[in-house]
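The following pair of complexes shares a single chain, subunit A, combined with subunit B in the former and subunit C in the latter.
And now, the complex of A and B:
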């Protein structure tokens, strides 16, 4: 399908030397240009799923895989990780493990992936400067990336992925090292890229953020998809707590207002939605 | 070969491959030449080169620090006990000092010093990234280049991790200083977590490299680090090769 960035078809995966399946009969699709979030408790297979998108499963992590994942219509089985890296980028949790360990400056680190693609030096320099500015790491341009703080290193990790201009961006709990303001800045950039047509797939435990950015939310439990829909739909589902997921606090506030019949039976899951509903409730109370 | 930027100098500006060629040509010429005088001359010239590279003090320290003890040891062993000794130049009572042994010792010392001096200058004046970029552009496997650079960076990172764990242990009241027994008691339990977390880190680092096209075999790699071959490089390379060829010819003629 031309309008799908990712298509997961009855995917199951069990890591080598384990007996329990990390993923079991997972099927869903991510439309091109969408902001898709995957949530669930710890150890339910979110990161495993992310690893399949970029081809680390089945090419890097060995195990038994059934089903298929199509990235822009092509199976991950038929493509190498290097081929997939031109379409899809992954940022994960620990920034220091996302450094190449070959670079002595931030600029060299940003350029590493471009070098592996044979990009001409002049083009590389232009792109590195632009990304460093975008990620606000231009002031540490000549520093060793290993000497940076966790937050700065995570910006470098983001920059090193953005610079490869992937059409799909996979973010696996990637803002844990950032302070709230830093995380907001990064997500503003991610949202901007999403508005420009980049598909974003995000795994996050911050439900406020998921509610604010996601077009679609997929809930995983024990390696299988259990809920999928728009944020208001998923966070309004009474079974959510059974899957180890707490809805955003805003949802609880608006649910309480609806229970007292101060507002219509609507669920606000973002700050703006909740504020509008609280205003409506206050007007009703007056 | 430091991972940080060396001090700017005319020597630093040279292409790393020129410096490697210098190690090869000067070392080989010293080895081939029948006596030690050529090597001695090269070492003296290298002091001038070290001065140009602004590393004279540390260079002299390394050369004398290595040269003096090794010379004394070799002169003693070879001068007094070499089976080559035929011409006795001094009788020390307990042993006789032979000319042939002394000359042989001088040759070994001077050859080692030429290799040490040239390698030291390259090491101190060449940024590791530039060296790898030069090697990669000359056709060496990029994975070999990765191994060189990663080895330089991973060890300091493991030190940092150990320091973090050490500080965390100290904050919990564990004594990490003092005698050998106290240190062993503090550090042995840390080894497991350090090794295990290093293995996990290595796996994640592998993932990162793969997703950035490390295994890409379809293209010729490029580098952010600019490696140029200047006129000075061209002349120097030509000069080094001519010098080596001349030394080979002269050495053959001298032995004939």
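And now, the complex of A and C:
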């Protein structure tokens, strides 16, 4: 299908030397240009799934895989990690798992992927400078990436992924070490790229953020999809708590107000939606 | 147990000062949260509490005694620091050994260690993983392993450095439970966090740092209602507080119940 960025087909995976399947019979698809969020408790298979999108599974992490994942219509089985890296980029949860460990400065780290692709030096310099500025890491340009704070390292990890200009961006809890405003700033960049047509797949525990950005939300529990839909559908589902997920505070508060008939019976999952409902409820009372 | 910081200055390099004269007293058992932007000096500050770092000028007093008069290893039986990155703290080949290491070093009896291992493992939910290699734990469990290893030493003050990062709902609840448990035992918990929801619901005192200095210090209600100062410190209030501020409420609610009450108040 030409309009799908990712197609997961009856995918199961069990890591080598483990007895429990990390993923079992997972099927869903991500349309091109969408902002797709995957949520669920720790250990339900979210990161495993992300690893399949970029080919780390089955090519790097060993185990038993059944089913398939198509990236832009092509199976991950038939493509190497390097082939896939020209289409899809993954920003890891722990930036120190992503750094190349061969670069002695942040600038070299950012240039690493371009170097592997044989990009001309002049173009490389321009791109590295632009990305460093975008991610606001130009101050630490000459520092060793391993000496950076967690937040700065996450910015470098983002930069080294953005610089390769992937058409699909996979973000695996990638702002956990950034302060809230730093995270907002990164997501503003991600949203801009999404508006420009980049497909974004995001794993995150911050449900307010998921509700703000996602057009589709997939809930995983114990390696299998259990709910899927637009944020308002998923976060209004009474079964959500059974899957170890709490809805955004905005959803909980609009539900509570509606139950007391203080506002109209609608779910506000984002701050703007909730604010509109609350304001209307207050005016109505006058 | 009281920690006093007196005009504390610190820099890793002399020409680049990070903390610019911090005066602060930490006492009692009400849990304290320290918040602020990346690079505000939060970790650098808390590492002064037991002498992992020592001031370039000014003083840190623990129950009146200057921190520089004893080694960190000695202070760690009074003030424990849980590292931000578990990989900076863990180095032994089982959770049990991580738990036993600190207490042995401070001379705790083997009977007490044995008893505490079971209690602490239960508290941090690692009972079934005591003989697991810490590097075989997932990232969340690793964090709880580092927390357990510090609690094992039974310090009067426990400092957590960003314990919420990467936690799911269950992890957040467990952290909350651990803090409540320690507080009930008479310990003082000091926690650095970026999770404002967690901070507003679990702490009685919130200290805001920015550019190496304390900018705000008060109850969550005090702190999160100071929108102008928070902005200059690059802090966004918790979601429901933001919502209340957007719709112009006078109250500063953090929970659904508090928000509903505030709504009813505004309607009058």
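By definition in this document, the second predicted complex is superposed on the first by the 286 of 286 C-alpha atoms of A that agree within 3 Å, B and C clash if a C-alpha of one lies under 4 Å from a C-alpha of the other, contacts with A are read in each partner's own complex, and residues count from 1 in each chain.
Quick note on the criterion: contacts are C-beta pairs under 8 Å (C-beta built on N, C-alpha and C of every residue); 3 or more make two chains touch, one makes a residue touch a chain.
All of these numbers come straight from a predicted model, not from anything done at the bench.
With the C-alpha superposition on subunit A as described, subunit C and subunit B clash in the combined arrangement. In the superposition on chain A, contact of A:65 is made with neither subunit B nor subunit C. By the touch criterion defined above, A:118 reaches subunit B but does not reach subunit C. In the superposed model, A:101 makes contact with subunit B only, not with subunit C.
In the superposition on chain A, A:253 makes contact with subunit C only, while subunit B stays out of contact range. Applying the stated contact rule after C-alpha superposition, one finds that A:164 touches subunit B and leaves subunit C untouched. By the touch criterion stated above, A:152 is placed in contact with subunit C alone, subunit B being left untouched. In the superposed pair of complexes, A:90 makes contact with subunit B only, with no contact to subunit C. Taking chain A as the common frame, subunit C overlaps subunit B at a single listed stretch, which among 19-27, 37-45, 55-63 or 73-81 is 73-81. Overlap of the subunit B and subunit C interfaces on subunit A: residues 94, 96.
Subunit A makes touch with subunit C in their complex at residues 40-43, 93-94, 96, 149-152, 173, 176-182, 184, 205, 208, 244-246, 248-250, 252-253, 256-257, 260, 262, 271, 274-275, 278-279, 281-282, 285. Partner subunit B is touched in their complex by these residues of subunit A: 51, 54, 56, 59-60, 80-82, 84-86, 89-90, 92, 94, 96-104, 107-108, 111-121, 124-125, 128, 144, 146, 160-161, 164. Residues 36-39, 84-85, 87, 138-140, 162, 165-171, 194, 196-197, 234-236, 238-240, 242-243, 246-247, 256-257, 259-260, 263-264, 266-267 of subunit C touch subunit A in their complex. Subunit B makes touch with subunit A in their complex at residues 3-5, 127-129, 132, 142, 145-146, 149-150, 153-154, 156-157, 160, 201, 204-226.
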